[in-house]
Amino acid sequence: MQVNENNEFRPKIVAFCCNWCSYAGADLAGNNRLAYPADIKIIRVPCSCRVNPMFILRAFQRGADGVILCGCHPGDCHYTSGNYYTRRRMAMLFSMLNYLGIEKERTRVEWVSAAEGAKFAATMQDFAEKVKALGPNKRLEDLRCKQ
Amino acid sequence: MQTITRDILLEKAASLLASGTVNRVLGWKKGEFIYDVTPAVFTNAEDMYRHFTFDCFCGANFSKYLIKETQKEGKVLVFLKPCDSYSFNQLLTEHRFDREKVYAVGIPCDGMMDASTVKALAPEGLTGAERNGDALILHTLYDGDVTVSYADHLPDRCKHCKSKKVVAYDEMLGENGEVTDAGRFDEVAALEAMTEDERFAFWQNELSRCIRCNACRDVCPACTCEKCVFDNPGSGVENKAISDRFEEKLFHVIRAFHVAGRCTDCGECSRVCPQNIPLHLLNRKFIYDIDRNYGDYMAGAEEGSRAPLVNYQIADPEAGEVVSGAGGDKV
Amino acid sequence: MEQNKMASLNTQILRMSGVNPRKCMRCGKCSGTCPAYDEMEYHPHQFVHMVETGDIASLLQSESIYKCLSCFACVERCPRGVEPAKLIEAIRSLKTRPVGQNHITPDEIPALLDEDLPQQAIVSALRKYMK
Amino acid sequence: MMKVSYFPGCTLKTKAKQLDIYARACAEVLGVTLEELPDWQCCGGVFNTSKDEIATKLSAVRALSAAGKAGQPLVSICSACHNVLKQTNAAMQNDSEFASHVNHYITQTGQGQMAPYHGETTVLHYLELLRDVIGFDKVKSCVKYPLTGKKIGAYYGCLLLRPSSVMAMDDPENPQILEEFIRAIGAEPVIYAMRNECCGGYMTLEEKSLAQKKSTAVLDNASSAGADLLVTACPLCKYNLDKNGQNPLPVVYFTELLAEALGIKEA
Amino acid sequence: MQRIGVFVCWCGSNIAATVDVHAVAEAARHEPGVVFSTDYQYMCSQAGQNMIIEAVKEHHLTGLVICSCSPRMHEATFRKTAANAGINPYMVEIANIREQCSWVHKDMAAGTEKAIILAKAAIAKVHLNTALTPGESKVTKRALVIGGGIAGIQTALDIAEAGFPVDIVEKEPTIGGKMAQLDKTFPTLDCAACILTPKMVDAAQNENIRIISYAQVEEVGGFVGNFHVKIRKKARFVNEDVCTGCGLCTEKCPQKKVPNAFNLNMDNHRAIYIPFAQAVPKVAVIDPNYCTMLKTGKCGVCAKVCTAGAIDYKQQDQIIEEEYGAIVAATGYNPISVEKFDEFAYSQSKDVITSLEFERLTNAAGPTAGKLLRPSDGEHPHTIVFVQCVGSRCAANAAKGKEYCSKICCMYTAKHAMLVRDKYPDTDVYVFYIDVRTPGKNFDEFYRRAVEEYGVHYIKGMVGKITPENGKLKVQGSDLIADKQLHIDADLVVLAAAIEPDKSARPLATMLTASMDTNDFFTEAHPKLRPVESPTAGIFLSGTCQGPKDIPETVSQASAAAAKVIGLLSKNTLKGNPCVAQSDEWMCNGCSSCANVCPYGAITYENKEFRMPDRSTKVRRIAKVNPAVCQGCGACTVACPSGAMDLNGFKNNQIMAEVDAICK
């Protein structure tokens, strides 16, 4: 979480993007100058299935307010099946986090193809707004790491 | 139904030792107190006659011992209660031991008592306890014998027993039971029905008691890694003790995730937890979610089955569309 | 002033119809398929073009907006999903809604009736042409 | 006996009584009771596609909501009624702004407040009832007097099929439902290209010449393809083809033929 | 401790306009391990690269962070730069501050702040980078071409000419593809058969080429340089090696009512047939769905008349297994089914035909021996209407049709119209068009000739409805220039149907793990710079399976794909991607979770003896990754509960470091 000079809450959001579709979709959003909030920071992974739940929990622990994971659409995975595993893993993990009382809107999986620059930007815009509306993540934060 | 007694098991073990089928027996022996029966390895009948025990406190799962014993020479005899047999299969699926080195004897079970139950029933001066049919008789110093219903005081994992069927054995003693499903997701469903805030408060309360003793991990039949991620400096999550508020959640969530689809719901984690955290509710949540979204799956029910999290269907629901029972969300 | 008014009418038409005339690729299939083409001064593809360029005044003046049979053939067959009929409907609604702008009045109807005419015809005429 | 809610519409209660009476009787024979909605109001005849047009669609919403309350699908026969009901239902499902306006009306104003409605009711045309609920095989097995040898052209017109994204009854360019119906009653369908073209009915008041031209074109095309008879579901089409069409080809409601085939009506 | 250099690119004003590049360089300078930090106008330029090389030498850098455009753009460039500077190419990390920062954020302060964070994340990651060296694997010097149309034939011929053996797998009984069905070709009007059939014969006679006709690829395993492919060769019930192609059987067979697919079912052939006179291989084939002998066991006429004794009713499907170094997809196209567009009455009238059917109707070897006759009554048509763009250029969300332009229809329609007017000057020809698209050498000239010299009526507009009535086709359409609705009584209507990839392409793509777009065209590795390669290494694309194209373009692409294949096969070994999974054998417990999720079968297990700290030995089952097979997706790393499995280049601690840097 961060707060700017207007005392406005600006969420910290980590977006994991697979190299082949979603990262390329993010690049396309850039090519087309489709704006989305700067609160989104992208981490490139070869495939969405590279994203270990530990990374997501770590992000929350270190102060992220939302984590979104983007991959190729089901059926279009560069590695044929990676995103199918992602889908199950993240569905289970996010359900568990919600079971522990973490707001559902802080986590999301979205499929964005390399051609969907507009969808990427719109998704990020929407996610950032939803997370912002929730306010700072307190439930998963690691207070020790705060300055 | 034939009741399995210490004598029957002793006789079986002795004959297998005598015939050379096995050269060791994995069984139970008495501990300091009546209720802390622990697993033990016997190499001869004489030791067995002296120390081997079998009563209503033999709930411990042998899995970790089994892995260790099968790395030695010779063959080991193991007694498998229904829930143990699921772990047995799951370990086989994951190539954790050599089946050739085990002689498995299945034994029926209708629930094992655990320490915390009897301690709660007789907080002071407990000198002994025994089962007599449907009754649990507690011998105490001050109140004499206290008799309660056995079935009513079983720990949660036995009340909500998933199966009375031994699914793996070389030989079965007594009559095998059936797969049951005694409302074991009721507690999960009750939690799911709470609001996010209530759930958070519940888990905050439970998990903040965690002292990171690692007992849950060490007893867990699914936690059989050579080296746990939490002990591995390269994993990025290496951590020996609780250092902050979320740490314990991170540990338990990751542990539950690592065993998701592999957990046989044996309930050992909750049994051994010195802080009485209902850890099985995390594992059951995963089992429940998996059943509801990807079809019923019971780890260990079948040797060689593919765990749901290393499997997929093209028509799986999206992460946002899974049935997770989450109710009472903020609107 | 007049220009502003037309611009706001145009916005209103787009909102009412939900049509995006920019999707049109000028193939003319709507006009190729229109059963009322010959009765119209402006034709379906022209409606789309005129709304796109903001020439609403001419459309509002034209009798063409009452000639559309609402048969939806143009909507169905448009390769780009433009839905010209919905534009016409919006323009017609816009035209007939203000007081005194009814295209047909109830007292004109009896003269047009015959005994077999189904109610449906009258009801729909009232709905389509008057407020 | 299965029950469905039934919206007859104004014309079926007046000029097209035949359509109504035979539809009910035939449905009974086929095991479905058409339960007329108690307080239905005229659907308005046309669905105005303007999104801000609310009031004229309320009667349709009330009918849909009433059927939904009864837990039954809503069946209509008149093509125009069906089109209005189906399009209104789709708007209630997909256009949230429209739906919230409408719900504002129906839940707060007017006689008898209602629960909010979001398009939950299934809207079926009588033909869909025959095809998807009863099944044409069942219809066929109930036929007592098959119309063997009759060459019948199906006239769909526009309202039954379009817009296909909403009506979703059949392929809008190559529909089969009426042809299947014709086969089910033992007759031979005649396919002709103009079966899904407009008859010009809406112009019958204002521009008779156009109505004449369009309906004649339909009839000419059908008779050149060898049809002895046309069937339709729309009273306005029937009127227009009968009155304005310059071709003696007879036009009847499909329910009349169904009644004949089932032995309810004398041929 | 690494010695890290940070290089912030302005990309002209592309980055510098919304990101304060000096501030980024300055912020990076204070990060631990950073010993040099600078910014420059164009980091990717020669001067920029030299600056990096100089800095490496001067400051003894061990790791580089380039804050620039997307790594998808210049990661390879900067890795080469690193190599030139003498450090391992995998010691480079890119912070994407252009596509994912300066281009999407308008506010300078926010953009700069984010760029700094991205730079810090890259610095945190590069701290943990290790030098990686790609592994090597052998190359099998044989290519597989899937599809035997003009694309596949040309690719195979070029590869074979370079001296490499190549197999063509064709699903039909003969190679030739769509081009064999065409009559004349635009813009030169030479006959398709005259230019295609010599190539077919060349392919058949080339000793480096093996044609596996009437066959389909069933299974593909392996990886670039080492594919293992199973091919099912369907039983044709004729011994291919013995049949002389004399054709006697095809005349004597009593079953005459088999729709002739080669003529688009406009006439019939026998149950035993040779698709066309110039078929390669020229071998008969029995259609088991119609052959009386195969269905009832009674007949055997073909076997009786065959002097060569080639008929074999007991022939079974045959499985061919072969190793290949490279695979070329050349699966081609088909016209879409136009029945969904029945406003054009295709399913109602025989006289409404597709352009491909028109080709057969005007082909001398076609069902009418080249005479243009109406299918319904065999009469000569006097008025012909061509409708363009049937099913092409439809909205993405339309219920039917394709979003793309099918590219070839404008030209072949001009060709058809011209040929009709040339042969039958008494015929009126109308072409309804939306746009006439003629980019290509001599293409527009060709189209203008159709209009100016041959008097074809080009109408800007679209047909809305076709009504068959009294033997005529009443065409109703718009003429947008004249502002009129036209009504034409036509005798024949020809629909320029959109083209779509062959149905076999999708399952093939799955087998090849090659990606496809939403239209089922194969995706190229780069739309401009690598147009004939699939992103999956070792898979190449030839012809219309990649996108609509005409014959000259198809042939160019076919040769281009061949050149790429030749380049690959001429290597003895291949360097792999070093970013592959690796298992720590001390931590692995052999549970098989990783192997379960590996899409490439790259993980195997072995029992290994370990010396334990207490000097005892222990045999444990552990996972081994084949680096040549692993593609580096990382699925295994998450399936592994112990964290023994990790992915080079994207290690757990590297990603965790990025997470930490971002969330700080």
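So that you can tell them apart, the chains are marked A, B, C, D and E in the order they are listed, and the count of residues begins at 1 in each.
We adopt the following convention: a contact is a pair of C-beta atoms (placed from the backbone, for glycine too) under 8 Å apart; a residue touches a chain by one contact, two chains touch by 3 or more.
If you're wondering where the values come from, they're calculated on a predicted model, not measured in any experiment.
Number of steps on the shortest path from subunit B to subunit E, with steps defined by chain touch: 1.
Of all chains, the one whose CA centroid is most distant from that of subunit B is C. When the C-beta contacts at A-E and at D-E are tallied, the pair with the greater total is A-E. Spacing of subunit A relative to subunit B, judged by their CA centroids, is 36 angstrom. Averaging C-alpha coordinates per chain places the centre of subunit A 49 Å away from that of subunit D. Taking each chain's centre as the average of its CA atoms, subunit C and subunit E sit 46 Å apart.
Each of residues 53-54, 58, 81, 85, 89 in subunit A touches at least two other chains.
Those residues of subunit C in touch with two or more other chains are numbered 73. Within subunit D, residues 164, 173, 197 each touch two or more of the remaining chains. Contact annotation for chain pairs lists A-B, A-E, B-E, C-D, C-E, D-E, with touch applied as defined. On the subunit B side of its complex with subunit E, the touching residues are 71, 93-96, 224-229, 232, 234-237, 258-259, 262, 306-307, 309-311.
Across the complex, subunit B is touched by residues 584, 586-593, 596-597, 605, 618, 620-621, 639, 641-644, 646, 651-653, 656-657 of subunit E. Residues of subunit C touching subunit D in their complex: 15-18, 35-36, 39, 66-67, 69-73, 75-76, 83, 85-86, 89-90, 93, 104, 109, 112, 114, 116-128. Interface residues of subunit D facing subunit C in the complex, by the touch rule stated above, are 9-11, 14-16, 42, 44-46, 48-53, 56, 78, 80, 157-158, 161-164, 172-173, 197-198, 200-207, 210, 214, 235-236, 239, 242-243. Residue ranges of subunit C in contact with subunit E, taken from their complex: 23, 25-34, 37-38, 43, 45, 73, 77, 79-81.
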